[in-house]
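There are two complexes below, and they share chain A, which is joined by chain B in the first and by chain C in the second.
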Partner chain A sequence: MPQDYDVTRQVWEGKVPVEFVLAAHECTIIDAPKPYYAMLPRISYFPLALERAYKYFMSAVDESEVNKDDVWLEYDGYPLKWHYPVGVLFDLHKTDDVLPWQITVHLKKFPEDDIIRCAGRDALESMFMQSLKEADQLKHRGEIVNTMQKRDHKQLWNGLVNDRFDQFWLVNKKLMENSGSNTFHFVPMRLYKTDKPYRQVLVKPMNEAAERTTLAEACRIFDPGFDSSSSRVVSHGVEVPLDTPVIWLAENLAYPDNFVHISILSS
Partner chain B sequence: MEITQEQFMNEIETIATTSSNFPGQEWTIVKTPAGSFVKHRSVEATADGLVLTKEYHICFNPSYGVPVLYFNIWTQDGKLLPIEQVWQLVCSSHKEAVLLDPWTAISQQEHPHLGAPWFHIHPCHTAKAMSKLSQSTTQFNYVLSWLSMFGPVVGLSIPNQMMTSIYKQADK
Partner chain C sequence: MLTLSRDRELCEMSEAPTESAAVEESPGESAAQEGEANKAAVQEGDGQSTAPEQQQQEEVARRPSVPTAAASGGKIEVLLKPVGDAPIMKQKKWSVETNKSVAWIIAFVRKYIKMNVSDSLFIYVNQCFAPSPDQSLGNLFDCFASDGKLVLHYSTTQAWG
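And now, the complex of A and B:
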């Protein structure tokens, strides 16, 4: 099934408006700095945006008292897991319609029992590549990603970081091959619910009746108690119809790491 | 070489049961909605006089069909060891390889069952490394053979007596 260009393009260009504010008790100058505003791509990751926000807020604190490794983000009391894509965190945590999305930047008291420390771009690139490789492991037993040149891996990462859709998809379409000997074995999916670690289980593109597995069926594999009447299933800010074949999701609605990230929210 | 979740479960149960006969070496099974894993905790003093609490978890990764080692190390004041110090602690025979490309080898990840930050050795090289071991080594307890290869990298070793005891269980 070839990609629907309109869909993949819209997925790539989806953005959320964010207002970063410095935690009030962490300012050391009399006038608290104004918030830092940014339009963040849903498919991107906070550490990429944070570099600029951090520099901006550094002017408002005593630099000698702050360690870059201690920076963390919080919304509504939740420390944000920076290794999740921005769009996943937005869909998962934001329960109201208020925009921009106000996120608090903390420079101290890193909650090390709750979140991983972000050690910068290299760490993020490594995590991204690990996810991408795992996705291909599920789809093609890793045969496509492992036979790519290192420069192809770099092109995927740089395409994401520099917002170059065409550059990214030139390589990504190879990972999306789904015919003949390259048919997907499993569909890479991660399911999110608030207050729980994300779930990842093996989902086949075809069910036992030899029909295309639907999103509803996948949700039931993740959670046998899944009740469609009391749940909203969201990805990229859109409530996804439950009869959507997961194969279509993998080919059109995946994030750049090639995983389909789905949030299950109560309606 | 990969294994199924069922084989993983059977083998960690053997490890847990057998280890109960070896004080200080016990592994216990933890059941969660996302599946079961096995854990071991130890406290040790380093040459520099630091007292470190170490906890190791063996979880199953269904994508790669291999066990994955997660671990955390805390200092006496309950703080997690920073990753740079973890890389330094890595056993000297593996240090060079790990330091050459640290992010692909040992990194902090979200624990698949607990959701909290844990260090782990990335699984994508495991299947390849395990396939180099002969069948005669892995046939009795794949998880144990795997542990004897990867455990020492992060300071975890199984006493020979316990290993022999676990391998004997497979015969029954």
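And now, the complex of A and C:
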């Protein structure tokens, strides 16, 4: 089944309004800077947006006092993992309806135990490509991503960074090939819950009864105790119906890294 | 030298109750020697628990470990294979807790082959991709193990893209 253009386009265009607030009390500042506002694509990553926010805040801070590597983001007491897509972090941590999403920018006391450091845009690109490769390993045993040219990989990354839907999908459709000898073996899925590391297990597109595996079935593979009456299953800010076939999710709701990222929240 | 580093390894494990026996030698590999080393290590550990270098290393090894919900408690078999000119590990098979992360195994291998914390070390799955440092070994095992083993290749340089 090919992609539903309207759905993939909507997924691409999903954005969240973010208000970055500097944790000014951690630095020597005469005039605390005003917050920095941005509309961030859900499918993007914080380090891409943070470069400008960082520059903005630096004008107010004694630069000799801070190290760029020590910058980290926090919401509601949770350090935000920079290598998760913005939309995943929003779905997972944002519990109220208040917008913009107010995120605290810390310049000190990096929480080494909770998050890893981002060594810049190159590190993010590398992480993104490895995740894409992992997804294709699950879908096509890596055969498609490994036969791509370097420039195809670049095109995927640049398409994401520069918000070019067509540029990205021109290459991404090859990774989405699901017919003939390139039928998906497994659906790349990660399941998130607050306070726990994400889970990733093998989910087949078809179940043992030769029917399409549904999201409810996949949730039970991840967590045998999954209770649909007390859980909300969310991706891209939308509560996903539990009878949705996972193959449809993989083809239409996957993030650019080709994984379907699902948050399970208590209702 | 390798034995020495093993001792230190076990010694560190013995110091941290929650981390105890996080890494064990697979059964059948010099069991007697293992017992001796373990005993010695426990004693050494008690005596030198404040050695700064040791503490620092222990911290590095423990830091990235994360508790996993569904995969906690169990252990998996991990097979570590060198790539290119990465030093060979005398012991290749390890039994590791599923909630350990990729960052943890990188720190472990780095220490075993006596690399500096600042030296780069890459871990690959299926000779294809480098998993995220916070990915749990349990997840990788569930998705990529074959014959009941998770095979990880380690390299001092980027080996596969």
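Convention: the second predicted complex is superposed on the first by the 266 of 267 C-alpha atoms of A that agree within 3 Å, B and C clash if a C-alpha of one lies under 4 Å from a C-alpha of the other, contacts with A are read in each partner's own complex, and residues count from 1 in each chain.
Going forward, a contact is a pair of C-beta atoms (placed from the backbone, for glycine too) under 8 Å apart; a residue touches a chain by one contact, two chains touch by 3 or more.
Source: prediction; values computed, not measured.
K.L.:
Consider chain A as the common anchor and indicate whether chain B and chain C clash or fit when overlaid.
P.N.:
clash
K.L.:
Looking at A:180 after the superposition, I want to know if it touches chain B, chain C, both of them or none. Which is it: first, second, both, neither?
P.N.:
Touch partners of A:180: none, neither chain B nor chain C.
K.L.:
With both complexes superposed on chain A, which partner does A:131 reach: first (chain B), second (chain C), both or neither?
P.N.:
In the superposition, A:131 contacts chain C only.
K.L.:
So in the superposed three-chain picture, is A:199 touching just chain B, just chain C, both, or none of them (first/second/both/neither)?
P.N.:
The answer is both, since A:199 touches chain B and chain C.
K.L.:
Look at A:119 in the shared chain and tell me whether it touches chain B only, chain C only, both, or neither; answer first, second, both or neither.
P.N.:
Only chain B is touched by A:119; chain C is not.
K.L.:
Let me test your reading of the model: by the given contact rule, A:77 touches which partner, first (chain B), second (chain C), both or neither?
P.N.:
Touch partners of A:77: none, neither chain B nor chain C.
K.L.:
Identify the residues of chain A that lie in both the chain B contact region and the chain C contact region.
P.N.:
Chain A residues touching both partners: 81, 83, 112-113, 116, 126-127, 130, 133-134, 137-138, 142, 186, 196-202.
K.L.:
Considering only the defined contacts, which chain C positions touch chain A in the complex?
P.N.:
63-64, 66-71, 99, 101, 103, 125-126, 128-136, 139, 142-144, 161
K.L.:
Residues of chain A touching chain B in their complex?
P.N.:
These residues of chain A touch chain B: 69, 81, 83, 112-117, 119, 122-123, 125-127, 130, 133-134, 137-138, 142, 186, 196-202.
K.L.:
In the complex of these two chains, what residues of chain B are touching chain A?
P.N.:
Going through chain B, the ones touching chain A are 34, 62-64, 79-80, 82-83, 103-104, 107-117, 122, 124.
K.L.:
With touch defined as at the start, can you tell me which chain A residues reach chain C in the complex?
P.N.:
81, 83, 112-113, 116, 126-127, 129-131, 133-134, 137-138, 142, 146, 153, 186, 193, 196-202, 222-223
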